[in-house]
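Here's the structure we're looking at; comments come further down.
Think of it as A, B and C in the order they're written, each chain with its own count starting at 1.
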């Protein structure tokens, strides 16, 4: 599932080997794992994991052949090879390391700034201090500024304009994308599992960042790549400076994210939705199309299409002003006691 | 009006040509446009636009010879050549592209990191990996760190200290300015007009960033250049890490902006005003001299000189603590119902 | 006290010279100052300063031989050479400039990207565009990405992974530290004293950044080095993108700082404490072990171990939800009046 442009897979992985690495009994283990996957994308020889009962249905509905499951969930999984363990995700991580053993940091050719194995389009303007990795493809008429770093396999569309000091890895862009100086696109998302010893174990991130046409990304923005799926920014999106976009976020066409706002992992921002400055959206939420989130708002629940939300925690804009107004009235005549 | 250090103008622009590009009737169009401008700075042959009735007086008072105006506002404009259109700003943008056809990203000389057409002062210490564009002027005793990028035409005063990985374009600094690593100064501001098809059309930014003496700019800060006027940071200003300063913002001498605070477009921060950490100021506001804005405060209205404001939305500090205290009292004994 | 890896001291400094530079009477001044220090670390020939009566005890308990003190505090200091002045910290800064006269920006060797005086470990993978200063030590198996800048004297442990465009100065890391692209580590903290003329005078920062094993630092993060002591990040710490960590902050092992959160100067974050996204902690606070600070929370007081805090100003999570719920009830049926 991981895009071979960016990730080199070494498969199959014998189930017995995985169990051995994980310190699990491998006496009767048979079968070969082709890949790791999320349930919705898994193939017949793929490995998934489950730690929460609410995903049992999705796992059963998936084509996945192998399931790492907490012991109390193992019975709920039907017609698959189930590996019961108290730490399914930690073992899933072990499987990733076995299937994708390569270094995490992109390898860049040593000899030259621009790899001879990169494909550069026509009429590009690439500053000689920019670094471009092997297998990268740069579209026609694209401009790349000084000290920008384009990682191996990255594919930039035509008429892209990549500013000075930008770093891009694990990313595919459409045409007419602009990236202002210092933006960071495609680095690892924030994914960790804490083991019994209290160590935070990194979940290797195997996804990409996809960026649509005519989209603009501001200075010093950070957009992390996806974990198993992709982080996807639509077309005609405007992202202001210092915005944070976490892994697996999906941003609809025409959305606007104003400066210093942030979107946590796996949340979905609807088409033409607006996040005003310093607003934050928690993880796994759905912000409807054309929704407007006010400055400094803190969103902890889904937001309907066209809704206008303000405040932290976020509320409908009328309710927000009603509360602000009521508070002001109530406090009149009272004294400060703290 | 745009500083020829940074922008190359191709004028005059025949009114008939502009109308043709905009798809407007050009049958009786005469005259030549010299430049685009904001009303307050327009000359007799300059083009301005108006989309809001409240600016009609300013447009009439200006010297501008040409006005793009919404049809309903066209009648209010006196003694000027008026081009009535439902989309004045979009046509204004078209005029900018015709008058300033150059590439948006600074061109940097290919052959060498330091352009032979840059003027370097005495006793400078410029790291050989820094990039300096044509026409840049670097003052005496200025230090420029590794991988810094100084765009074409940028003028740095004496005794500047520019950190590693900083990018500066379209900017003029006074003496003794310090910029810490990764700060981004002079990139495009966040200016867009959305057309009838829902496309966000970029408004080319023709201004500069001006930075006063003894000012310090923190790591990974973003300061956008002005749209038609300049973004202006005074002298003796202290800007902490990760601060956002939008286009056309004006910051008074001695002001302090603490980490992760942000100022939206065209707002004015008074002398010695303080924005504490993570505070935000909305656009087009006036924050008085010596005002103190608390951490995480959200400012949506003008603030008087010497006022002390806290909270989001921002309130006088006494009122803020009164409300916090009242809320705490009221909620005692109540139960959580959500 | 300042680490000679990073700071070159020129001592002793004759007390008479300091007084002369400060414009103070030096008639009977004798003695030689070896160093500047905070009271808790001062040696017998070191200089400290005091501007607040609450530190008188600490100054008296210290070994410091020389004390710059406000006139009204001078009498409270026993058995030390006391220099009474209305501006102790400004004169302390003068002493720092005399004792540590070197340039503030790291000098990097001109001739080559990697200084011949740096010590590079075995099996390192250092991109040829990276810059490494004199006296730096790079541990075995460490990877350094394109355009990264490792300042003079910086010591990186084994198996570090330093991303593209990262800048690190005045820092010592343990093993297995990862730093994502564009992070800024070790630059000057935000330390200023405002003199009688309203000028903000920089307090030279003489500390370091210490980073523990297995710690990860996100994209475009800023971690300032200490003023007199160090900024210390523990081991097994996870710092997400765009986080701000001010000078002298101490972060306990296993703590997690989510994206766009910030910690002001000298605050201490306990072991396994969590700061959710966009949360802020004011200066000089103590956040207990395992405390959980909610998204966008604003912390202005110490937080107990294991406490769960939400809101701005921060409150226990139950109280927070009680207030949110009460406000919603109270405002029902009221009308907006603003």
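Side notes on the structure shown:
As a convention for this text, a residue touches a chain if its C-beta (ideal position, glycine included) is under 8 Å from a C-beta of that chain, and two chains touch if they have at least 3 such contacts.
Bear in mind the structure is a predicted one, so any value in this text is a computation, not a measurement.
Common partners of chain A and chain B, by the touch rule above, are C. At the interface between chain A and chain C, two copies of one sequence, fewer than half of the residue numbers in use are shared by both copies.
Each chain gets one centre point, the mean of its Cα atoms, and the points for chain A and chain C are 31 Å apart. In chain B, the residues that touch at least two other chains are 129, 147, 165, 182, 220, 242, 260, 278, 296, 312, 324, 327-328, 330. By the touch criterion stated above, chain C contacts chain A in their complex at residues 125, 127-129, 143, 145-147, 161, 163-165, 180-182, 214, 216, 218-220, 236, 238, 240-242, 254, 256, 258-260, 272, 277-278, 295-296, 311-312, 324, 327-328, 330-331, 334-338.
On chain A, the positions that touch chain C within their shared complex are 103-108, 110, 113, 129, 131, 147, 149, 165, 167, 182, 184, 187-188, 190, 192, 198-200, 202, 220, 222, 224, 242, 244, 246, 260, 262, 264, 278, 280, 282, 296, 298, 300, 312-313, 315, 318-319, 321-330.
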